[in-house]
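Here's a structure for you.
First chain written, first letter: the chains are A, B, C and D, and each begins at residue 1.
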Amino acid sequence: MSTRRIGAGIATLVLAGLLATPALAEPGVSATTIKIGMFGPLTGPVSVYGYPINNGAIAIYNEINAKGGINGRKLEIVHEDGACDPAKTRAAVKKLISRDEVFLIHGGSCSAAVFAAREEFVEEKVPFMVMAATMDKISDPMDKYIFTTTLPGSGDGRVMLDFIKTIPGVKRLAVVRNKNEWADAKLEKFNANYKAAGLEVIADVELARNATDATTQALAVKQANPDATLLVTYPGESAVFLRDALKYGLKGPYIGTNGIMDVLDLKDRAGGAEAVKDVYVSAFLKGPIGSPEMKEWTDIYVKQFPNDKLQSLSFYGMSGALTVVAALEKAGKDLTREKFIAALESINKGNAGPAFCEVQFAKDRRQGCLDGTMWTLSADGNTIVNLGPSWKKIK
Amino acid sequence: MSDILAVDGLTVRFGGLTAVDSVSLKVPEREIHGLIGPNGAGKTTFFNAVSGLVTPSGGSIGFLGRTITTMPPYARAALGIRRTFQSLQLIPRLTVLENVLMGLHTEIRTNPWASLFTLRGRDKGEKEAQARVLATLDYLGIGATILSQTGTLTFAQQRYVEIARAIVSSPPFLMLDEPAAGLSPNEVRDLDRLLRRLRDERGITILLVEHVISLVLGVCEQVSVLDNGRLIAEGTPEQVANDPKVKAAYLGEDSGADGH
Amino acid sequence: MWVRFCERWFGLLLILGLACLPFFLDKYTQFVVNLILVYVTVGIGLNFLLGYTGQFAFAHAALMGIGAYTVGLLTTRLGISFWIALPLAGVAAAAIGGIGALPALRMKRAYLALVTLAFAELIQWVLIRWKDVTLGTDGVSIRPPRFFDYALKGDYKIFWLILVVTVIMYVIARRLTESRIGRSWVAVRENEIVAQCNGINVTATKLVVFMVSAFYAGIGGGLFAATLGYIVPDGFGLLQLVLHFSIVVIGGMGSVFGGVIGSLLLTTLPELLREYPQALELIYGILLCIFIIFMPTGIAGFLKQWRVLPPEVMSRNWQALRDRPRPEKRS
Amino acid sequence: MDIATLLVAGLANGSLYSLMALGLVLVYKTQDVINFAHGEVLATGAFLGYTLYKVVGLPYPIAFVVAILLGGLLGGLIERIAFRPIAHHPHITLAMVTVGLSFALKGALRIPYGRDIYVFPPLMGHTPIMVGATAISPQSIVTIVVALMLAGALFAFFAYTTMGKQMRATQQNITGAALVGINTGRIFSFTWALSCLIGAAAGVLAGPLSLLYPDMGTNYLLKGFAAAVLGGLESVPGAMVAGLIVGVIEMLFGGLISTAFQEVSAFFIIIIVLMFRPHGLFGQKPVHRV
């Protein structure tokens, strides 16, 4: 026994020595570059959420580089695949930290995978900006090194709840939901607060991931006859549900998460404007794609990735990238991780780019963006209307 | 001498087809008993019924005084009914040692925990098993091949490996399904000698299905003849060879009828 | 004699060498090495079933999940020591796997695949739905195991734990395949009828191999949980299964070495293919087909053929037979 | 809950499961192997249909026919390239190759189609026809009718054409078929082609119901397995009927018990069938032969 302990002791000493050595220079920072690590689901079934999201952030970083970089340093991006799998993501993060020795990491779209890697940032004290993962547990309870400018699930739930409260005559709700951590995160705060708002959930219906049919769900909701239906499902299943809801003569309104904020896509997938005419979705962008508010950001994306399809995913990563850039600038020429963290903490009313909010961090605040808005389709079903936080009749 | 195998009114049906039709057969201890008949006469089905691979539709099978009609094949093997197959059923990629060791499956009685945690070379059960394999192979004259890949051996050697696997557990009863098929006349002579030695030196009772009539007539004490699932004749080789029913059954069937 | 001597000491030297790895590796490489070791256990387990016994089943990833959850839930929710939880993980996987496979064992081969597929989906479904116990999709964070008062926290320290368990599992695997149990598996794979006629109870053998394989999956899952520190039901789905299949097929079916080589290769292959992430599935699929068709004994078989690896004769201490005096040849 | 509506929706989905089960059973009967890549065949069919209809702009019926013929061609090629050389290999080899093929096909589909979810517009729109309180979607009718037509064509093919008769002979006894001079290699190719043609048809029909992505086949494959097992794994009419039953049971599970159970109802079916009636509803009790 004792030999093993001694062995372990030696190992720890050597390890401590190894870790102590690079303290001379800040990892990932050279005279001319700052290394930023990025990861996301680049392969596998969830790769739909990989490149589009990360490319938005890359577009911002490239734009900054084109303008000469930050304090004389160019941003260098190291990209790793996490495949939306906890083990692979954790490996990717470890690689970025210990092999690529990046200065900070900006990435992650799959909540569970990011959470699996959370320990790494905490232990290695590497600043981490969440790209698009919405699970609250990642940033709350807070850790010094973990920041997010993505509206967390609880925030999205709150935006929807606040909106529902303003719809006249809505008291009884049906919930149609996926069964996963994403949906759970959106519903956690919602479930805790709807009673206080005088609402009642009279049907809680589950729709399987990648379901191709929502007959039973639609009929269950129809039978319950709610005043409004909350959709906490991914875009595909949301479309399937709305399609079948129309088929079986359900009445709206439907309130959706910001996962389905591409309402025009939803319209196509659900089979036409009729299916989505009474759909209201939470949104975190300043305006719909193609609106003047978004022009600046659309241009940046298209310039870098002219062949990509523009979708809300394309802008998920931009607020984080802009915040990182702002903090890097603020941290100054003599860049260290601690200075960078301090700079992030001092961001007040920061530019969130295409995102609806202003970025607000503090010593005890890591969720920088808590605001969202609600969108719906115009009466003709061809344009997106930004409603703001409360319900209005659409002309 | 008591009967080692006593089959009484054995019937096997597949759907509408009766492959073995109320066959009764007794094999006394230390006898080499021949089972012949034209193709499709039901010899192999009879074998399969005795080894337990097919469930009889009627009749009973007794072995060493016990009724084994419904006993599963692996339990019959453990009792001491061992057999070879018409076509070689060895694992060509494995060594002769491994192939023959499979025949000792029921014989190796080591404590699994002990075998997991003892050091190499202290595994007594396995060591004994290897010694038995080696002794059997030496007995058959192929001891030198023990570590050869089975697939690289000659056909005759592989036949012997299969016999080694069948007899390595020292069973009282051995069923051979056409062991001479594909052997040269010289090799058949060796086989003839081997069967006698197995009986005389090891006391094994043998039930032999064979198309090479010369072997059957030469080595067997008793011969039974099956045709269309029925037992049509029984007796010494001479009696059977001169039986008109047997001749009729073999008419038009030339394969092997006159031996090689 | 000296060959055997070298072989034995080679093993010991290798283990000692491996034990020193944490002094030389960065954290990422260490993590990958840990995963490789975890997959050695998992891969050997699936190889018992797939390679040795020729039984085609789809439950291995789910059984690994059961192992991981057993360790995760017992240690974090009930405060049971990791050292008790880990063997229990194997036992739980073996028990649940055995029960799941039971209806299919007496039926035609194709049914085992179908029933285990259904069974695996049900296991995942239960892991997600039974939130009161499994915490559902929130996942389980695993506390680092303790060695007396010493917490095995971090990739370097957990490595020694994984190494010890892996070596034990490897040795047991070698012993099993060198015993009548391993030979009965191969006999069943080659021909169930011949196996029965040699006294092997085929149904019992299949049940045994399924449970042993599940036990390995469970232990592997427990180690996986300790390595990763956080598990979710989704982690034990199709992606995991793809990896297991690839490890066994490419490493070498019917070879304990195969499990080792497979996990070494398949854990590093994605790293080598990082430039073409989109093509990864395609490459896996094509590699699988090519290996199954043209190299069914995998890389281990290839290396054994070229004498890089020693033969894996399925009998304990068979080497002694090489040194025996030549027998006199009878006519 | 309106049972009639559930039944109609169940039958519409069930007819797709029937087609999947049919494709699985055909291959299983001739080659004794379950094609684990059949879900990807469905996805390939769906994407072929989508590409021909939406991108190339062919009229729907022509796009449908061309897509399923291409699906059939793919099946024939798979047999010729991957399975013919290993036809005599152990069962497990064949089964593993189908698994490898499944990954490969999915990976291949992901390269052009992996970055988005595609929409296959319905042929008839989704506005339902109301029969009393029962809502029937026109697309469901199209699905059921086309599936039934395909099944009918298949029965006619087996009953009246030489090729069909030869295929049945081969399914019953490969050696026998070879002895009487049937080119079994050609039969194998044709079986795979037919199986994949039906799979591709299921894909084109599933397109408007589902959304199009490379993993879309997995769900249908699992339901197809359940149907095949329920039908006895070797029975063509059994697969057809069992598919419809699985579709309806799934709806009844979801509609009457809980939506949480709907997803796994197919697996319950597989396990329950194997425990209590392993030869399925329509299969023959296996005759023991060596």
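Simple rule for what comes next: contacts are C-beta pairs under 8 Å (C-beta built on N, C-alpha and C of every residue); 3 or more make two chains touch, one makes a residue touch a chain.
Bear in mind the structure is a predicted one, so any value in this text is a computation, not a measurement.
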Chains touching both chain B and chain D, listed by label: C
Nearest-to-centre chain - CA centroid comparison: C
Inter-centroid spacing, chain C versus chain A (mean Cα positions, whole Å): 37
Length of the line joining the C-alpha centres of chain A and chain B, rounded to whole Å: 72
Rounded Å distance, chain C centre to chain D centre (Cα mean): 33
Where chain D touches two or more other chains, by residue: 110, 114, 218, 260, 263, 290
Two or more partner chains touched - positions in chain C: 129, 193, 278, 280-281
Residues of chain A whose C-beta touches two or more other chains: 47, 179
For the chain A and chain C complex, residues of the former touching the latter: 1, 4-5, 7-8, 11-12, 14-15, 42-44, 47, 80-81, 83, 85-88, 90-91, 94-95, 97-99, 112, 115-116, 118-119, 123-124, 137, 179-181, 184
Chain D residues within the chain C interface of the complex: 28, 32-34, 36, 82, 85-86, 89-93, 95-97, 99-108, 110-111, 114, 218, 222, 225-226, 229, 233, 260, 263-264, 266-268, 270-271, 274-275, 278, 286, 290
Residues of chain C that touch chain B when the two form their complex: 4, 8, 172, 175-176, 178-181, 183-184, 186-187, 190-191, 193-202, 313-318, 320-322, 324, 326-327, 329-331
Chain A-facing residues of chain C, complex: 19, 22-23, 26-29, 31-32, 35, 128-129, 136-139, 147-148, 150, 154-157, 160, 224, 227-232, 234-235, 239, 270, 274, 277-278, 280-281
Partner chain D, residues of chain C touching it in the complex: 50, 54-56, 103-104, 107-111, 113-115, 117-119, 121-122, 125, 129, 193, 238, 242, 245, 249, 278-289, 292-293, 296
